[in-house]
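Each structure below appears as structure tokens.
There are two complexes below, and they share chain A, which is joined by chain B in the first and by chain C in the second.
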Partner chain A sequence: MSEWLESAITRAQSINDWLAPKRANALELLSTTKWPTRKTEAWRYTPLRVVERTKAKSIDDAAIRLLPVAIENFSAIELAFVNGKLDESQLTNALPKGLSISLGQNLSDSEKAQALSAFSTTKPDRHLFGLVNDVLAQDVVIITVEAGAEISEPVRISSLLSQGAESHTRVQVSLGEGSRLSVIEDIQAQGESLSTAFVEYNIAAKAHLEHYRFALQTGTNVSIGGSHFSLKDHAKMHSTIVSFGSDLSRLDTDIIHAGEFADAKLNAMHLLDGKELFDLHATVEHAMPNGTTEENVRGIVADRARSVFNGRIHIHRDAQKTLAELNNRNLLMSNTAEINTKPELEIYADDVRCAHGATVAEIDKQALYYLQTRGVSRSKAQVMLNFGFINELIDLMPNAALAEWVRPIIRERFAQMEVK
Partner chain B sequence: MTEQIDKALAREYEAGFVSDVESETFEPGLDESVIRRISQMKNEPEWMLEWRLSAFREWLEMEEPDWALVDYPKIDFQAISYYSAPKSMKDKPKSLDEVDPELLRTYEKLGIPLIEQQMLAGVAVDAVFDSVSVVTTFRDKLEEAGVIFCPISEAIQKYPELIKKYIGSVVPKKDNYYAALNCAVFTDGSFVYIPKGTRCPMELSTYFRINEQNTGQFERTLIVADEGSHVSYLEGCTAPQRDENQLHAAVVELVAMDNAEIKYSTVQNWYPGDEDGKGGIYNFVTKRGICHTNAKISWTQVETGSAVTWKYPSCVLKGDNSVGEFYSVALTRGRQQADTGTKMIHLGKNTKSTIISKGISAGKSNNSYRGLVRMNPGADGARNFTQCDSLLIGDKCGAHTFPYVESRNPSAIIEHEATTSKVSDEQMFLCRQRGLDPEKAVSMIVNGFCKEVFKELPMEFAVEAGKLLEISLEGSVG
Partner chain C sequence: MSNTETLLSIKELHASVEEKQIIKGLNLEIKPGEVHAIMGPNGAGKSTMGYVLSGRDGYNVESGSVILDGEDLLEMETEDRARAGLFLAFQYPVEIPGVSNLEFLKASVDAQREARGEDAITSADFLKEAKAACKQVNLPVSFLKRGVNEGFSGGEKKRNELMQMLLLKPKLCILDETDSGLDIDALQVVAEGVNSQRSADRSFIVVTHYQRLLDYIKPDFVHVLSEGKIVKSGDASLAHELEAQGYAWLQTAPAEDELEG
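Presenting the complex of A and B:
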């Protein structure tokens, strides 16, 4: 076991609050968990040396003011964690009818009991840092949408970290039957910081979740997160994930079809440069029949960066009539960069249609040549082609304002990539 | 402490090195003295014994792999006997009447000639002498071409230089748990050497090799194709083979020198166990080939037998422009479990690999494809295409795909595709409409599903493989 984990466990032992029973359970699991090595399948390509060596520590300084980046033509209900602490003044604003947002510790006893029973049920126990988050997350935000409520204003949850800070943030979202909500997770971290950010979504029957996760910071931070979704009968989700890498960026997504006729779409893209690392482990569990899943994952990896993708689709015995598709495409831009991808299918039901595809290649040389013959410089042509590769997924984003916001950021990123 | 050590040492001595060369089967158990005895039985030179012992010491330090999607009770390696001499004539069944009628029915369906049936069932009859004469003419022809094809134990005596140079050069002693065990205790296997520029005049088959019976559970094959040569090698046969040994841990090493080509075809149909999966063979095989410049290695396998299969025939594409291929049909039924696939390691420039894997699961079986495609930084312009298709028959089986794709070269292109489906109602309806009974219909659909792989097999083999699938699928429809 690493010193870092030992210290996390020691720190956790002194916490005693409304989550005590769940924290005790996670602590017990943690004490028996082995620190991952290259032989640990889930961390095979992602060494944890940077976590072992991190100097990040929790910073409790009210003087530190950090603000989430502004998005043009876009307004949202803003919730910002600063170094893991939520500014409670944000919770006093009036909320649309049917939506409630509170800190776990401020809930009434009956609400607490309900939140406690839902805590850590969508997130699987196998995520080591999820367990760390279970025991260390202080301000747990509970977001609830009443049955039938359609909330048009999105909720943006930002996790902001200052230089050298350590933070553990946790959010629990429940969508009542037939409700609708849009959530944006946004990670903005400064150098030498370490964060774990986990969000659990319980999506009731016929409810619809629109989900975004942006991690557009780069640099020396360690950013480990998880977005976990449980879908009931006829529930729907549409998720878009845009990530740049860092010293270590790891995201685990779990989509659980816990009801029939659920529909999940996940579009993820990552653009890596320098010596960044990004690791996406996306798991889909089809536990019930008639579900559909469509996953598109695209990566562009330049310079000395490394990308890891593990896309697992597990069709359980009873999940007949499932349709599941996973498409993973990668562009490798340099001979010192590395792409490791593993699309997995584990299927126990016979009347299903499942497919996955994965490709790794470089930019189409002929397309590049064509553009150059038309007078476009090589570097510009490269940006154009790269952008086209990702733009297909940006176009699928349901929220136009967010798409317009992220497009130039990505274009800028490509322009930086080609300089090297 | 020292007392305990002394005791332990003394105990080992009790079992004794004083080997009883006369005895036909060793007592169960494994320690250095057993390896010394095997080596002595085979009359091996000192270097071979040293090689075995160093592998054994490595093995003691290793752990049994547990990453494959297979489930079987823990193997007690001390409960296995590591050597048994070929059965003497008097222990064998006197005629086919004494052989399990179930087995004979299968032979009949496969259309196997009587003499071969007797051979396969291990019947002691004079007829076998006929086949010996076949083998002799066969040997003459090979000798004329300069091809060496003999048991590996014979090669260790006759061609020590070749063996020393190549054994363990593709699959190192400590490559994996079962390979290390095989290095320590292998009893026999084949050795093939094709001289420079030679095209082997016929397809080589283990089936025709003298001393084929009872090569034992730890078989070792080494094929070296020298520059510009060509060989096609067939392993196993379609007929179900009986074997008392439950654990099989074979190692196959292929070396294709510049411009050489090796085609290695396998049909594996070991006993899969009864309906509850009891008593079947555990087939844990390490197969790997190395391709030098412009060389080509092609693996084709049809896997229908064994209770547990753990097998990943691989190619190390070391030389520029070398080619690796893997064509596989794996069928599981009953309680069978197969975890099989390939590794293509691209090191040289413009190397190419193709992987076509067809998995068919029926009954309560589990069938997994597990593969690795790795493009190293030097593999400029390398290319891989992978296609894994799974077919499910019934709702109690499982089909899984675990492909690892690792690229460190931007000019390399990798494509991986996988699909899973079942025999569709429409397909069945169409066939039934045209008067085919359900079993025939399924077998036809399955044969079509496997066509891409069957066409890679030598002709007679392909026909037999088709028949084999049909028989294996009997009773799994409806």
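Presenting the complex of A and C:
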């Protein structure tokens, strides 16, 4: 076991709040978990040295005020965590009808009991840092949408970290039957910081979740997080994940078809430069029949950066008539960059349609040169030639304001990348 | 035009590709308004010259100088050479599926206007110009919507190169075998396209294997490029001579001064 994990466990042992039973369980699991090495499949390409060596520590300074990133033509119900603590002053007082947002400890006893029973049920126990988050996250926030409520204003969950800070944030979202909600998860982190940020979504029958996760933090930041979804009958989700890389940026997503006729769409894009690392482990469990999943993961990897993608689709014996597609496309910008991609299909039902594919393309230097001989700059030419496959996913973002915010940020990052 | 009598001056140029020397002491002077034809056997280095002048990756200049309109061409990035007025019509134009011809043409024109500090042209005005250019080179306007050179026939690709030249209005045009693979009508179209662009401040290097093109485009000079340098120069009549004798004399000729004499 690493020193870092030992200290995390020690710190967790002194916390005593409404989550105590769950925390005790997670502590138990952690105490028997082996610290991952290069032989641990889930961490094979993502060494944890930077966690072992981190200088990030918990900072409890009420004077530090951090704000979510401003986005043109966009407003949201702001759930801002500053260095792991919920900044309640940023949360609007007047929530729309049918939506409630509350710290777990402020819930009534019956609500607490309900929240407790749902806690860590969508997020699988196999995620080591999910367990770390279970034991260290303190301001756990519960978001509930009443059955039938359609909340038009999105909820934005921001994990904001100052220099050198360590933060563990946790949100539990439940959408009542037939309700609608849009949630944005974002991390804004300054250097030498470390965060774990996990959100669980329970999406009841016929409910519809629109989801975004932005992980645009770069540099020496270490971020490990997860978004975990459980879909009941006829529930729908549409998720967009946009990531850059950092010393370590790791995301685990789990989509569980726990009801029939559920529909999941996941579009993920990542652009990595320098020595950055980004690791996406996406698991889809088709436990029930008639579900559909469409997953598009697209990456551009430059310089000495490394991307890791593990896409697992597991179709259980009873999940007949499942339709699942997983597509991974990559653009390799330099011969020192690295792409590790591994689609894993496990199919135990016989009447399903399932497809997967992974491709790695390189930039067409001849076409680049041809454009340059016409006066088009190298960076513009690069965008013209190769931004299309990323742009397609941006076009699919349901929220136009978010798409128009993130599009130039991504395009600019790509334009700056060098062909090597 | 800056204060110089010479538009392009190539002096003692040596260049290599993948460690192999291809250009071996090339000298060429071109004044504004002149048309120079370059002929020579396969593999002589004619296309290589165009790639070196345009700054293609992997083409290394070992020595010598190239001055375009008073500026050191070899110091510039490829896109800046184009913005400085250099245009290369490719012997083998590149296909770019996924980028429409119109988008490609507009990006090229926009980039060059921007570099010259001119206002951007509106999409509507540009479309008009592009359609007129299509007409001039005898390509249906539907070619504007297709991917750049994607699935174009050999002759269509050459006409597309010419269309780019019409829209970009360069100072120095290098046409690398723009006449190869053209039917007889298309040859006239290309010749007319070039002739329509001839002016006192625009010069041409026309690389060709066939004297026929030179019947339409009357060159001021004809040069023979062999083994990386110019071994013979003359007026338009040299093209007729070459057509008649071929290049066999190159092997037997021990030195270029003897040829001159």
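FYI, the second predicted complex is superposed on the first by the 399 of 420 C-alpha atoms of A that agree within 3 Å, B and C clash if a C-alpha of one lies under 4 Å from a C-alpha of the other, contacts with A are read in each partner's own complex, and residues count from 1 in each chain.
FYI, a residue touches a chain if its C-beta (ideal position, glycine included) is under 8 Å from a C-beta of that chain, and two chains touch if they have at least 3 such contacts.
As the structure is a computational prediction, the values presented were derived from the model and not from experiment.
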Which of chain B and chain C A:V352 touches, first, second, both or neither: first
Partner chain(s) touched by A:A367 [first = chain B, second = chain C, both, neither]: second
Partner chain(s) touched by A:R378 [first = chain B, second = chain C, both, neither]: second
Superposed model, chain A: greater residue contact from chain B or chain C: B
First, second, both or neither for A:G388, with chain B first and chain C second: second
Partner chain in contact with A:L91 - chain B first, chain C second, else both or neither: neither
First (chain B), second (chain C), both or neither touched by A:A42: neither
Common interface residues of chain A - those touching chain B in one complex and chain C in the other: none
Chain C residues touching chain A - in the complex, by the definition given at the top: 54, 56-57, 77-79, 81-83, 87-88, 90, 93-96, 98-99, 103-104, 107-108, 111-112, 115, 148, 164, 168
Residues of chain A touching chain C in the complex: 364-367, 369-378, 380, 384-385, 388
Contact footprint of chain B on chain A as seen in their complex: 41, 317, 320, 330, 332-362
Complex interface listing, chain B residues touching chain A: 67, 69, 375, 377, 390, 392-422
